[in-house]
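You will see chain A twice below: alongside chain B first, and alongside chain C after that.
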Partner chain A sequence: MAEASYPEDLRYHPEHDWARVDGEEATFGITWYAQDSLGDVVFFDPPEVGATVTKDEPYTEVESVKAVSDVIAPLSGEITAVNEAADTNPELINTDPYGEGWMVKVKLSDPSELDSLLDSAAYRDLLD
Partner chain B sequence: MSSAPPTSAAIETPMQRDRATTIFERSVEGRRAAAIPAAGVPQEETPIEELIPAGLLRSQPARLPEISEPEIVRHYNRISRRNFDLDSGIYPLGSCTMKHNPRLNERVAALPGHARLHPAQHPARAQGALELMWSLERALSEICGLPHVSLQPSAGSHGELAGLLLTRAFHAAHGEEEQRTQVLTPDTAHGTNPASVTMAGYEVVKVATNEEGGVDLDDLRAKADERTACLMLTNPNTLGLFDGNIAEITGIVREAGGTLYYDGANLNAIMGHSRPGDMGFDIVHVNLHKSFSQPHGGGGPGSGPIAVSERIEPFLPIPRIERVEPSNGGPPRFELRGSAEHPGSIGRLRGFQGNFGVFVRSYAYILSLGGNGLAEASETAVLNANYLLARMREGRAGKYLPVAFDRRPMHEFVLSGTGAKKELGVKTLDIAKRLLDHGMHPPTVYFPLLVDEALMVEPTETEARESLDRLADAFESILAEAEEDPEILRNAPYTTPVRRLDEVKATRQPVVRQPLTD
Partner chain C sequence: MDEPTDLRRTSLYDEHVAAGARLVPFAGWEMPVQYEGVAAEHEAVRERAGMFDVSHMGQISTSGPDALAFLQRAVSNDVAKLEPGGAQYSCLCADDGGILDDLFSYLLGDGSYLTVSNAANHESDLARFREIAAGFGVEVADIAADHGMIAVQGPEARAAVAGLASAELPARMHTATLEVAGRECLVCGTGYTGEDGVEIICAADDAPAIWRELLAAGVTPCGLGARDTLRLEVCFHLHGNDMGPDRNPIEAGLGWCCKEETGFAGSEAVARARAEGTAEKLAAFVIEGRGIPRAGNPILSAGEPAGTVTSGTFSPTLGIGIGMGYVRSDLAEPGREIEIDVRGRVREAEIRSKPLYDPTKKS
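Moving on to the complex of A and B:
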């Protein structure tokens, strides 16, 4: 995805992560800005299904040609699925960060945490 | 301003057309580099099969390249020309201290008594070598301000591991090995610091950086406690900034019961001016190959001696070199001491005595400069960095590549390419690649991680003012090109033996050996 985009239906964490929330389930990934700053992603280390993630804490790592970086959980919960395709083809994180480049699906333990995340406009303000 | 180098991808240079080959691919059956005469010594009566066990005898000849001497010379000369080296141009690679390697050092290292010394030589017949090593230890002790030295570690990262093993031994001797599990490192630390911490079985705890680019004291106070084994720090740090709070920083960790480790990668900024021992550190590694001149950057050989305080001394690696004054007044002897004399030692870190050639070159460097000369080398390194930074504040570099943490730096400084990325659509990597077309090695890129699109520049003391000016001019020329046509940068380099490399493929599918084919 060559052009920056920050879809309106997502919620954003200041550490450049997004969450797509559907009731008590959520999908996490990294933002366009994050993948652009990292450069070409070469490894994605998928966490274990069943592992607990905590808001603001790292839950996995991505490695680009520049650096290894922690990925921060925007919300807390338990991992119910991981994106095996991104393990095999980590470039999906660059080409489609909000679609095929998703990282984990999580059953949320505290959906009220959602209130502290940013909407698309507020996240874009943060980047400027 | 320098004129811009070629930008056309259509023209291939002769070197680009000449694919790199291994010596085996140049082999032709039957070719020889030398005609070896028949042995003049009578053949042994006993067949070789009776002298050497069958398992150690070759069943077929070794597969060696067959090639004439002129082709051997051309092969290696061709390879050397495909490389970039300090003897060809400026190499301002941040935190790597790519200073000129004085040729005097090479002459001394090549003396047969140095170059041909066998590592298994008996100490009694290697007294000169041991004296040189002992004298180098004393010189490093004085430079670091710490009383004891071991030359065993063979790289900076090896020195770090040694320092953490010493830390563990120190806490074990005080009954605190179980309790002290954490090592504090600033978020600006060299990547080897957290790696060494993990390798030594400790947990990394990152300390934040304050507004001035130094250690955040409140964060350090909050994290230094009874679990702290050690603080690893480099000063000046990787932003090139000297942390004026250093005495307070070491005081906080010492109070909490941890040891203090100084990463000597940036020693070139402070030699003869300030000493890690005086700042309150217990353990320092010295990168002989950086600060004390040595051809480096191609994978070795390096050397990372450590200097330590009195409280760490009992645990130093063995063997240790001891100078013994004979009772009859004769010349001193140099002896190797092992675990019998040093029962608390963490043991050996490597075979034999270390990379001896590195010791010879570094000792020659220290002696030829002397104490005042080393201090002057650091002053000039800081002056060169500040002159270059002043040039980089002008023109387009000042506009698109502002300095990160705007304070007076020491021997290196860090620029941020955020402006170039946003306004010109070129990344730091593109600028770095285009510098290669100017015959210059780029600075370190994308480090430290807390600076976006970082460019970390360390010119060293051995670059002349004209050379610094050429580097600044090259940046100006490159940024002017980017204003006109950013594609020029995105497709650079054009003139190097190989063009832009596929770094993603190299990382995901590394090919590190070439099988021999028939």
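Moving on to the complex of A and C:
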């Protein structure tokens, strides 16, 4: 994805992570800005299904040719699925960060945490 | 997000901005780390032709009746072997043999020498040159600010430059003065990628016009990111990472460019290291499985500390993690299995012979 984009239906963590929330379930990934800053992603280390993630804490790492970066959980919960396709083809995180480049699905333990995340406009303000 | 900065800019700065470069601080300069992306730029150099702005590198001119005698004392290689139009690699050593910098020197047609230094070391190299120059009939001049420098590298690099050149390009490890894009340049058959190609040293003001003509000829602009992955695949040293004042050329694997019989400054210490051997050696390695080594990662042998990674990256050509690091000398043999502690995860690695990738053997 060559052009910056921050979909309106997502919620954003200031550490450049997104969450797509559907009731008590959420999907996490990294933002366009994060993948652009990293450059060519060559390594995504999927965490274990069943592992607990804690809001504001790292739950995995992604690595580009240049650098490694922790991925921060935007919300707390338990991992119910990981993106094996992004393990095999980590470039999906660059080409489709909000779609095929998703990282984990999580059953949320405290959906009220959602209130602290940013909407698309607020996140874009943060980047400016 | 523009902030006031003390960083220096090369004469190609506007070209980088126009090409969409991501600029980062590097050795006091604001330099492009990438344009389209490291992997694409790396591939351009391995498969076609790429160009790098290396104007941040320093140039030192040495001239006068004692120029040869002085350089023979200053740098580690046998400068007397250098013929007019030739190029030579050497180390600049401290008296204790520690590596202050690695240099390329060229003997020009007028009998003077041009020496190219690393940006981070240029000022201290000059100070070392001037310290050694006392007593020699020699003029050491800092000519870095006057010059731009563009490295054009890759299997199609020579053809791209030749199309803009007024005369035949110099052979590998040779240099010639000719016009490129109508501007007088010193063209050198050297580089830092393992590929064929040239480095063009020109007046700083002429660099943008040359850059634009190379761009029009289809040469891909490449940043420091690709420069690092390319040089590490062919195991070229990066001063400050793979060697420094705390390492001598023998343990760094640079004994081949040290000719102690010339009596260069530091030669006694280098001769001693060569005779006695060193506790550690710089070795290259690969991680065939998961994991990408990075500078600073501990190297282990059977779980015990055995060294430290000095350069590490993902190799775009090989598709695996690669690196170099200092290990106990008894472990520095190709085929030896070691482990790399990559942020707490121990990854199996294997020492390999250098280079890790040989562009001259590509299919």
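One rule holds for everything that comes next: the second predicted complex is superposed on the first by the 128 of 128 C-alpha atoms of A that agree within 3 Å, B and C clash if a C-alpha of one lies under 4 Å from a C-alpha of the other, contacts with A are read in each partner's own complex, and residues count from 1 in each chain.
Going forward, a contact is a pair of C-beta atoms (placed from the backbone, for glycine too) under 8 Å apart; a residue touches a chain by one contact, two chains touch by 3 or more.
As the structure is a prediction and not an experimental result, all values here were calculated from the model.
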Fit or clash - chain C, chain B, common chain A: clash
Partner chain(s) touched by A:K66 [first = chain B, second = chain C, both, neither]: both
Which superposed partner A:D96 touches (first chain B, second chain C, both, neither): neither
Chain B versus chain C as contact partner of A:D56, first or second or both or neither: neither
Contacts of A:D45 with chain B and chain C, given as first, second, both or neither: second
Colliding region between chain C and chain B, picked from 112-120, 166-174 or 256-264 after the shared-chain fit: 112-120
Intersection of the chain A residues that touch chain B with those that touch chain C: 39-40, 42-43, 63, 65-66
Complex contact set, residues of chain A against chain C: 39-40, 42-43, 45, 61, 63-66, 68, 128
Residues of chain A that touch chain B when the two form their complex: 37, 39-40, 42-43, 63, 65-67, 69, 90-91
Partner chain A, residues of chain C touching it in the complex: 1, 33-34, 37-40, 42, 225, 229, 290-292, 294, 313-314, 316, 343
Residues of chain B defined as touching chain A within the complex: 427, 429, 445-447, 449, 452, 503-504, 507-508
